Amino acid sequence: MPESTESPGVFRRPVSRRTLLTGAAAGVLAPVLVTGAQAHAEVRPGAGTGSVAVKATGDGSKPVTRKVTLYAESVAGGLTGYGLEPGQATVPGPILEMWEGDTYEITLVNNTSERLSIHAHGVDYDTASDGTPMNDSATEAGQTRTYVWKTHTAHRRKDGTWAPGSAGYWHYHDHAMGGDHGTKGISQGLYGALIVRRSKDILPDKQFTVVFNDMTINNKVGADVPTLEAKLGERVEFIAIGHGNNFHTFHVHAHRWADNRTGLLDGPHDATPLIDNKDLNPGSSFGFQVIAGEGVGPGAWMYHCHVQYHADGGMVGVFLVTDEDGSVPASAQTALDRFHSGHMGHMGGMDHP
Amino acid sequence: MPESTESPGVFRRPVSRRTLLTGAAAGVLAPVLVTGAQAHAEVRPGAGTGSVAVKATGDGSKPVTRKVTLYAESVAGGLTGYGLEPGQATVPGPILEMWEGDTYEITLVNNTSERLSIHAHGVDYDTASDGTPMNDSATEAGQTRTYVWKTHTAHRRKDGTWAPGSAGYWHYHDHAMGGDHGTKGISQGLYGALIVRRSKDILPDKQFTVVFNDMTINNKVGADVPTLEAKLGERVEFIAIGHGNNFHTFHVHAHRWADNRTGLLDGPHDATPLIDNKDLNPGSSFGFQVIAGEGVGPGAWMYHCHVQYHADGGMVGVFLVTDEDGSVPASAQTALDRFHSGHMGHMGGMDHP
Amino acid sequence: MPESTESPGVFRRPVSRRTLLTGAAAGVLAPVLVTGAQAHAEVRPGAGTGSVAVKATGDGSKPVTRKVTLYAESVAGGLTGYGLEPGQATVPGPILEMWEGDTYEITLVNNTSERLSIHAHGVDYDTASDGTPMNDSATEAGQTRTYVWKTHTAHRRKDGTWAPGSAGYWHYHDHAMGGDHGTKGISQGLYGALIVRRSKDILPDKQFTVVFNDMTINNKVGADVPTLEAKLGERVEFIAIGHGNNFHTFHVHAHRWADNRTGLLDGPHDATPLIDNKDLNPGSSFGFQVIAGEGVGPGAWMYHCHVQYHADGGMVGVFLVTDEDGSVPASAQTALDRFHSGHMGHMGGMDHP
């Protein structure tokens, strides 16, 4: 029986202006929201790059219902984002986490002048929470609407087949601004990661949302693409999401993962392919965890779209693995400087022909 | 030892004009052909949308050979399709099913004025049944040619490795009209689903073939894209096929599946990713079963290409989940009306840039 | 403790001019380099089409370090390739194999007039071997630089999770010519297959590297696309690699494989999908083994990009399965002749619109 949590403030941590600006400027997901089955949650400022992370400390054994308010607002640079407090919208929006069995009641406050909505992948919702104009579940300018997302654990059906649990690296996005499919809203930044974890899933030390949206990463290009920073040995979780109108492939240097639900193998005989490059096309998402610098050491490691003209056009960022104490090796700093000076990135606006 | 079935008529059920027109107009696959290891087959008119379904009642334990005649003919709207009877060609063509071990002897009657063929994915055939001009296995205008497709169960090779069984959600298509690769034939609708089932596979209540062919779904766009109707709780099988020249991603609202051979999980610890959005590019196919409305209820649920301009351009349809008794909830009817009135769909002919 | 091998010559077999020319002209990977844990290696000239194959005879139980020199040089037709001896560069470059645990020390000799590098997927390297200009690990014109690639077997981490082994069908390519991502180098042919095998992996009889690079296969189109020849019953390994700026799907007629690390199933209940068409986009790679002609017999079987305009534009080749004694069936020869005469392939330069 899900328990309702009436004190959402516990999970909507205020974000300092400095932290927010850093996060927003870097284009990195600012706040991380995690629901859990327990009363306690660990708050670690800065656990993500320029972010506040709220980590569940429990194990998902007791489902809860969280009430969360999301504010859809303008973001500097002509963007639009979702945020957990007024004036704090970011692109991408906050990471929303839940354990299988949990429920979100998302109250969306539309502080823009256009119709928009929130549509989730992977979770259970009725048509009133579908987020589409077709099902009359968009939110008009200046209005507020509550969307309910449920999840469930795996269970055996009467016919003997298994209804799969909801766990996955999912995502949410607008489905109503500028048309019936939210093309304008998505183009401007109305998207974010939604993680449904299974009991006993390994929790990461850090999380990064990376969205390939048309010819951008998190609506940034070139030197503005966020640097994702982690210490050597930290468990880093990537949530990769595709949006827009172009096909892409996501590549990280010197790190790789298993192509399954978690990115982790069951053991040495697991036949899942290990990959370091994966298609990331509109509406798709995947996630995985790596140990920063494992077997390769600290350094400035590129992550980028592997379509050549996309990389040349600026769909490239740096996964910065520092020393264990957080210091940046000199060679990594030189590489970063080279990247930000324009030696890397743009090639005179060259684009896909 | 395969047994030859000389009475193909049992499996080529006549389709009533009303049913056919409904099916053809809706762009939904009309007839479903299922081979099986048993003498009896269950015929349930209308089990698919606008279709006659011939369901195997056995378990695939005894391989059979089926002789089937397919007629390639013009279809209204400048299309070309395959059909089980003269004058009854549809786009997509009939679903052809078999159990691992079964054989099809497909006699193709070319009632058009151009060279065409039938080429199958997944099954076993020699070069004479390849369907390519290169192997001289096309069928000239007005001619008839027989293509033989065999399948097999998994078996261990002498070197200890496993030769995989043929089971899969495959497809068939022209490989000769308008060029050496059937580009014109495919463009006009010469394609269909081919399902090879493994013994003990779960059989669905309903089946829908969804083909993303260039910028269309089943060669339809916008309000003409077929509405796929099922009752709450029915086991619905989607067979998704990609064709043409564009990349696509297939998304269904409020339903999801495992990214493996069947779309079903082995159990609660299966590490297969659960997805609701998957690349569907030319020549690829996949299938899965969902329980209509499971955990989300009845309603008008969108299925669409998630490439934004493709969705805006009309690559969108409705998966209509009715109440258990087949009645359409008022809100779902409103959503359907909204969809068909043009509130959804086209955006002034906007296309991929 | 890895053992260093100071006699790389054992593994850098001289390639005869005739063999090389045949291989280069056909666009087929010429030499195959395999590291192993044992002192002996079996050399079988011609085991690949137009190639010399060096096959490891051991089982990968004892890790070794191989020192290899790669020469980056001009190749006829305005291409650039990697080769194991001066003047012997090919497009694609040599297949580089290793067992999990092995190390390569690749000395790259840049015999061109432009900056270039070698960047590997899947293996372990520090930033000095990253191959990117950002990490100052490119090789200037006329210069030499050594890149070190390590691999590892799976092992359990202290937190109980598994660090996956390095095994995979990976690849290597330039990351520095003509820009920060090697767009020019890749476009001209600086790429090749890198296979990391796991102990007990089945070794093939023949190997073919197939690279979909922009609108070409191995930088060839139409009748120039290499014919991949194998005898009926031989175990043939395909390594498929995507490069450039276009999306593609790789299809082989009459053969199929499991969509996992090896392409092989564990047994009859393995839920991995069987496929014969797979996305092959820039930066991605996969590999699989098939038994040539198994269940379908000898013949000229097409392999091609299944994007229609790409196939029509010449992204098509022939997988020629001969009789067991190596003779070509008359019908297969006729099909080959038809293919090379232009009946197949180009359609007047038609390209993706």
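All chains are identified by letter, namely A, B and C, in their written order; residue positions are counted from 1 within each chain.
By definition in this document, a residue touches a chain if its C-beta (ideal position, glycine included) is under 8 Å from a C-beta of that chain, and two chains touch if they have at least 3 such contacts.
Please read all numbers here as calculations on a predicted model, not as lab measurements.
Interface of chain B with chain C: the two copies contact each other largely through different residue positions, with under half of all numbers used appearing on both sides. Rounded to a multiple of 5, the Cα-based rotation taking chain A onto chain B is 120 degrees. Centroids of chain B and chain C (each the mean of its C-alpha atoms) stand 35 Å apart. Annotation for chain B: residues 247, 266, 270, 272, 279 touch two or more other chains. The touching residues of chain C, when paired with chain B in their complex, are 202, 235, 247, 249, 251, 253-254, 256-258, 264-268, 270-279, 291, 294-297, 299-302, 304, 306-309, 311-312, 316, 331-332, 334-335, 338-339, 343-345, 347, 352-353.
By the touch criterion stated above, chain A contacts chain B in their complex at residues 119, 121-122, 124-127, 130, 132-136, 150, 152-154, 157, 159, 161-168, 179-183, 186-187, 242-245, 247, 260-262, 266, 270, 272, 279, 281-286.
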